[in-house]
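One structure is given below, represented as structure tokens, and several questions about it will come after.
Letters A, B, C, D, E and F mark the chains in the order given here, with residues in each chain numbered from 1 onward.
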Amino acid sequence: MLLHLSTWVEIEAYLKRSRTVVIPIGSNEQHGPTGLLGTDWLCPEIIAHEAQKGGDLLVAPTFNIGMAQHHLGFPGTIALRPSTFMAAIGDWCKSLAAAGFEKLYFLNGHGGNVATIEAAFSELYAEASYAGVKRGFACKLKNWWDLEGVTALANRQFPSGHGSHATPSEIAVTQWAYPDQIKTANYAPQIAPTGPIREAMDFRARFPDGRMGSDPALATPEKGGELVRAAAAGLIRDVAAFAAEAPVI
Amino acid sequence: MLLHLSTWVEIEAYLKRSRTVVIPIGSNEQHGPTGLLGTDWLCPEIIAHEAQKGGDLLVAPTFNIGMAQHHLGFPGTIALRPSTFMAAIGDWCKSLAAAGFEKLYFLNGHGGNVATIEAAFSELYAEASYAGVKRGFACKLKNWWDLEGVTALANRQFPSGHGSHATPSEIAVTQWAYPDQIKTANYAPQIAPTGPIREAMDFRARFPDGRMGSDPALATPEKGGELVRAAAAGLIRDVAAFAAEAPVI
Amino acid sequence: MLLHLSTWVEIEAYLKRSRTVVIPIGSNEQHGPTGLLGTDWLCPEIIAHEAQKGGDLLVAPTFNIGMAQHHLGFPGTIALRPSTFMAAIGDWCKSLAAAGFEKLYFLNGHGGNVATIEAAFSELYAEASYAGVKRGFACKLKNWWDLEGVTALANRQFPSGHGSHATPSEIAVTQWAYPDQIKTANYAPQIAPTGPIREAMDFRARFPDGRMGSDPALATPEKGGELVRAAAAGLIRDVAAFAAEAPVI
Amino acid sequence: MLLHLSTWVEIEAYLKRSRTVVIPIGSNEQHGPTGLLGTDWLCPEIIAHEAQKGGDLLVAPTFNIGMAQHHLGFPGTIALRPSTFMAAIGDWCKSLAAAGFEKLYFLNGHGGNVATIEAAFSELYAEASYAGVKRGFACKLKNWWDLEGVTALANRQFPSGHGSHATPSEIAVTQWAYPDQIKTANYAPQIAPTGPIREAMDFRARFPDGRMGSDPALATPEKGGELVRAAAAGLIRDVAAFAAEAPVI
Amino acid sequence: MLLHLSTWVEIEAYLKRSRTVVIPIGSNEQHGPTGLLGTDWLCPEIIAHEAQKGGDLLVAPTFNIGMAQHHLGFPGTIALRPSTFMAAIGDWCKSLAAAGFEKLYFLNGHGGNVATIEAAFSELYAEASYAGVKRGFACKLKNWWDLEGVTALANRQFPSGHGSHATPSEIAVTQWAYPDQIKTANYAPQIAPTGPIREAMDFRARFPDGRMGSDPALATPEKGGELVRAAAAGLIRDVAAFAAEAPVI
Amino acid sequence: MLLHLSTWVEIEAYLKRSRTVVIPIGSNEQHGPTGLLGTDWLCPEIIAHEAQKGGDLLVAPTFNIGMAQHHLGFPGTIALRPSTFMAAIGDWCKSLAAAGFEKLYFLNGHGGNVATIEAAFSELYAEASYAGVKRGFACKLKNWWDLEGVTALANRQFPSGHGSHATPSEIAVTQWAYPDQIKTANYAPQIAPTGPIREAMDFRARFPDGRMGSDPALATPEKGGELVRAAAAGLIRDVAAFAAEAPVI
């Protein structure tokens, strides 16, 4: 069930049977010479939309811009500063909580988002701690590749050249969903270098075509489809467990 | 050309021929008993995506959450406070400007966004005024119904019962794009009441099913298609005029 | 009744008969070669002070600095960034609400303020929506030229050359109130150019003497007096209607 | 020379002979049963306006709302939170600095403002320290009662019962300027109690009629006139000394 | 009793007998060629730690970075902007208040902190005024040199050459506590110049070795010991009086 | 070399041979019935101070309050909201960068700090990306238990009952440094429960005495000494490697 294609009347009915909502969250940022700029928000959106076809899952609109400052040296990247990102996550959560949602599950597609999303949850909890909070309200962050079975599958699919940015697994997921948007290039080197993540100009100097440790040529739409199915199944189970958590009093 | 389905290499090439980008911006908020919660961000997205099929237009990801505090009394609404909204618009603009974009065109789908978007532009300009700004950089806001010919068409289509929220014109646009998501209800009264917009609880008291002055039953996918085609044509012309503006020195 | 020339004991007594207060709000910014820098806050102050002589109206001190970033290229302009302006409006409103005021009527003298004031109201309402708000609390913005009868009068007085900044109508109002501060200049061209409002340096390049579309030479103190009397009468009626609004529950 | 009754052309000319501007700053807050709510912004405004009649002094519009949170228990008080107050002072200063002013002299009428104004200067300097600042730019805060000769005069006028809030000296100044707004009351006790300043409800409990240590019945318009003349003379001298300060390099 | 060397169980027990806590607060900033960078936070820490040996005093961890922007021209200085400083003080206070503390006593070691700390208290009170505050909650700021008897002693110890920054009294206190960190230099001039405090680069130009009006060569560990003992005794008395204050209702 | 016991002249000399500084950072928060409230800031301080005895390492004052909102249910905890924490880290970094430091190494003692510190670095980099940044400037975060060899040692020392909060390893470190502050209690259960970290009241309900998965009775000062020596040696090596990193251009 997609929230943005529902009416408020339908959501009011849904809230009578569940207090849980899934929010795909990612980033719009360079993904090497062949990865789509939307990769990191498309992946969780693709997986969550697939999962809701197979279960009574409510999926919110996708939070499509995240913490991507280190990619700003490449055009097409759009980034929120961490302070803005935190404020926006807080507003999303407060809006949903005002409507009665108590379990907010963020399915994340960008490693660079993790620190700020966790900080945003703490900011929200801190405010709630001073104001008095409804017991049982909880936010949870899960990267799609950390869903049960997904990384193991990716390791089997890509025993080498997976890397950490513009990876063949995330590119495969978008290839499966957007088969007419598959791009190719000659990679030099075939497997990109690795290194620390610092400021944007430093990043472009270290990683001239934007990839980190990856060989995107390994991606295929078929492998993407396998990943999506594994992730969607894992998501349904993980959300169910989260929804079933009872508050500790 | 959709930015999120492009690579950074393709955007770098685009920037050699144009410095203009279109950003669909809207809101996720209740639209009466039959309007989709995503209506206000789906409409500019639908129109901009349609327009880019017919011209060399670059369309950014959709900014899908806006200033909807007055709708928070209805579940499914997600709102940014104006201060957060301004910060986020500023970060989008600075990211795009850092890449070399100079003309940022926001195609808006929500009247309640207008004040905050205009304030965000002024905040951005104020910062630029103190820091020294590149001459020619400009942001522009346009509501899709203000594109040439659109309101005239809507007036012909809906001589009465158009109203100002959950209007048959915006609902028609989403019906055309999502024909399997057409919802129906018995409206009582057939044409909703009108009144001032204040705080969220006041809003729900004044407008019990969420509509303002409208009769959504008048919407049809066919009328939606006419509106989309008119708006897309108007958008292409208006963006071209904006892109052609020379800086005043 | 002027709040700043009253004691707290007098305000406490006033609150027993009314919960409404009028706040003149404007901007201190260039108004062409002959307009006073204070024009935009002087006009609503002049009108509100005149109106309170003829009715039981409480007028707060004037909020004299607003959103004038686009005029910063001309000396004497003082501007608040939109974010600061919103915070300050919020603090004024919360102070007045803490004392028991429930209807805050802002009489505005500067078009450039509108977006930010409306955003500030939404920010205030958003905070109230989360915290639980007193039903019936409301903020209202009215430009003095939108008071009943005023624009019609100005159109009769100035059938051409009115323009949109440094207009003969606002200059006439200050001439009536400050007859010893009437300034003259040779205008070239007699009627100033028009165009879009962007950043401050762009503004000064487009509008070299600061006027937009206006011929201030048309202003006279007599016309100013007519405008003040019409606006003061309109204000008394409009505030009375606002004060009489019952909360919707 | 009053900035708000001048044109930008006149200010541009003034900047050729001086880089100094005086900003009256105060607070709108309760001043006991007989003191005007505007007392703390009226006093510096009265003194600065008087002084500019006798010298080539440029006086900005009055900053009329300040840090008065401890008076919020009394109606008519309007207060900025310190964080808002700092942001607004910063924006005033940056606007004036952008026009070429280098010496900003704040003539203050409210003791409760001092800490926040000083903090605002430090915030502004801190920003300048990181960004690189024009040498010689300086902000200065002066309470009107600290101008040369003023406190000595007040001590002679009011050997007892002066106190620290709603003092006979400040009330006398407003009586001189607004002789038709002189209010009377029976004070009990004749001299108000003293004590620490904490939060607003605590303040009203400690100081039930709003006065601190003062007997306002001692005020007369004549004493007010003496104070204004002494302060205006002191202001002209103090501003001249500040304007003459050479930057240290 | 040092809070950071206690357990939460011990603090819970302490709260049954007292609601008061002492927070040493200072700054890490240049103190001339021989003063320790930590001087301003070490002094209140030394005094508070000494005092708690002789009484049932709870001392929080030291707040060691303050408002030192004007010293940023000298390496080793670390400064918070006033806005950050206020936010951090607010968070300390809210954390302690959440645990049940009602009297927060800040023992300050840096004159440059005073304005911002007072502003922070007002910000906290302002928030409390709107939200409803527990009567009796209070924050108090005391500079260690303002404790009873301390300045009189310093005047006897240093009849000339005390000055206002890098003073022999504060340096003596650190010499007593850190006798192996006594530094020497040839001072030229022996007594440093005086002048106004402005921005950081201006400060370094006016005060080339960082001292203001002082001759640090006068400091000795013995004099420091005398100062610590006097201040510790004064602190015990002053905290007891603060703790004994009854709320006014 | 301890920065706070140095003079600015000594730091200026140090900057000629190194651009690197170590900042111990932690949190003041409950650590179970026997752990010191200061544990998380004492541990990195103890280790960094030990390390600087054996190498030319500059250690800044300890940043002693961090992101501990989930511990606010236990008295003695002091927490910064993430937004405040980020602002303060930013100000520390900008102060140090202004003095010429280019490699800022944060030695962290609190897992709950990690997300916010990383977000703060990104915020700082984001600002630098827009403003133009000195190439080579970098911030690094390292938890003391992640220093080479430390976790392996702790695993050998505490094969079971280590847990994740109020762990025997961190308590052992403080026992070694503060042997007269060793506290004892009967733990029930001997090994504390585990579970997710949410809001403060939820935390206290899940973990009634504050421990998570740990048995603090296993701690001894001797084991603490071993940990400190291993960590200090690891720190010297890790800082040297960081200092030796050349900028990528």
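In this text, a residue touches a chain if its C-beta (ideal position, glycine included) is under 8 Å from a C-beta of that chain, and two chains touch if they have at least 3 such contacts.
As the structure is a prediction and not an experimental result, all values here were calculated from the model.
> Have a look at D-E, A-F or E-F and name the one that copies the A-B interface, over half of its contact pairs being the same.
Selected pair, repeating A-B: E-F.
> Looking only at C-beta pairs in contact, point me to the busier pair out of C-D and A-F.
Of C-D and A-F, more C-beta pairs in contact link C-D.
> What whole-Å value do you get for the distance between chain B and chain C if each is reduced to the mean of its CA atoms?
From the centre of chain B to the centre of chain C is 29 Å.
> With centres defined as the mean C-alpha position, give me the chain C-chain E separation in Å.
47
> Show the residues in chain F shared as contacts by 2 or more other chains, in ascending order.
As it turns out, chain F has residues touching two or more other chains at 72, 79, 81, 83, 98, 129.
> Help me check something: in the complex, which residues belonging to chain F touch chain A?
67, 69-70, 72-73, 79, 81-83, 86, 112, 114-120, 122-123, 125-129, 133, 135, 137-138, 195-196, 198-202, 205-206, 247-249
> Going by the contact rule set out above, which residues of chain F touch chain E in the complex?
Of all residues in chain F, those touching chain E are 3-12, 15, 28, 30-38, 41-42, 60-62, 64-65, 72, 74-81, 83-84, 87-88, 90-92, 95-96, 98-100, 178, 181, 183, 185, 210.
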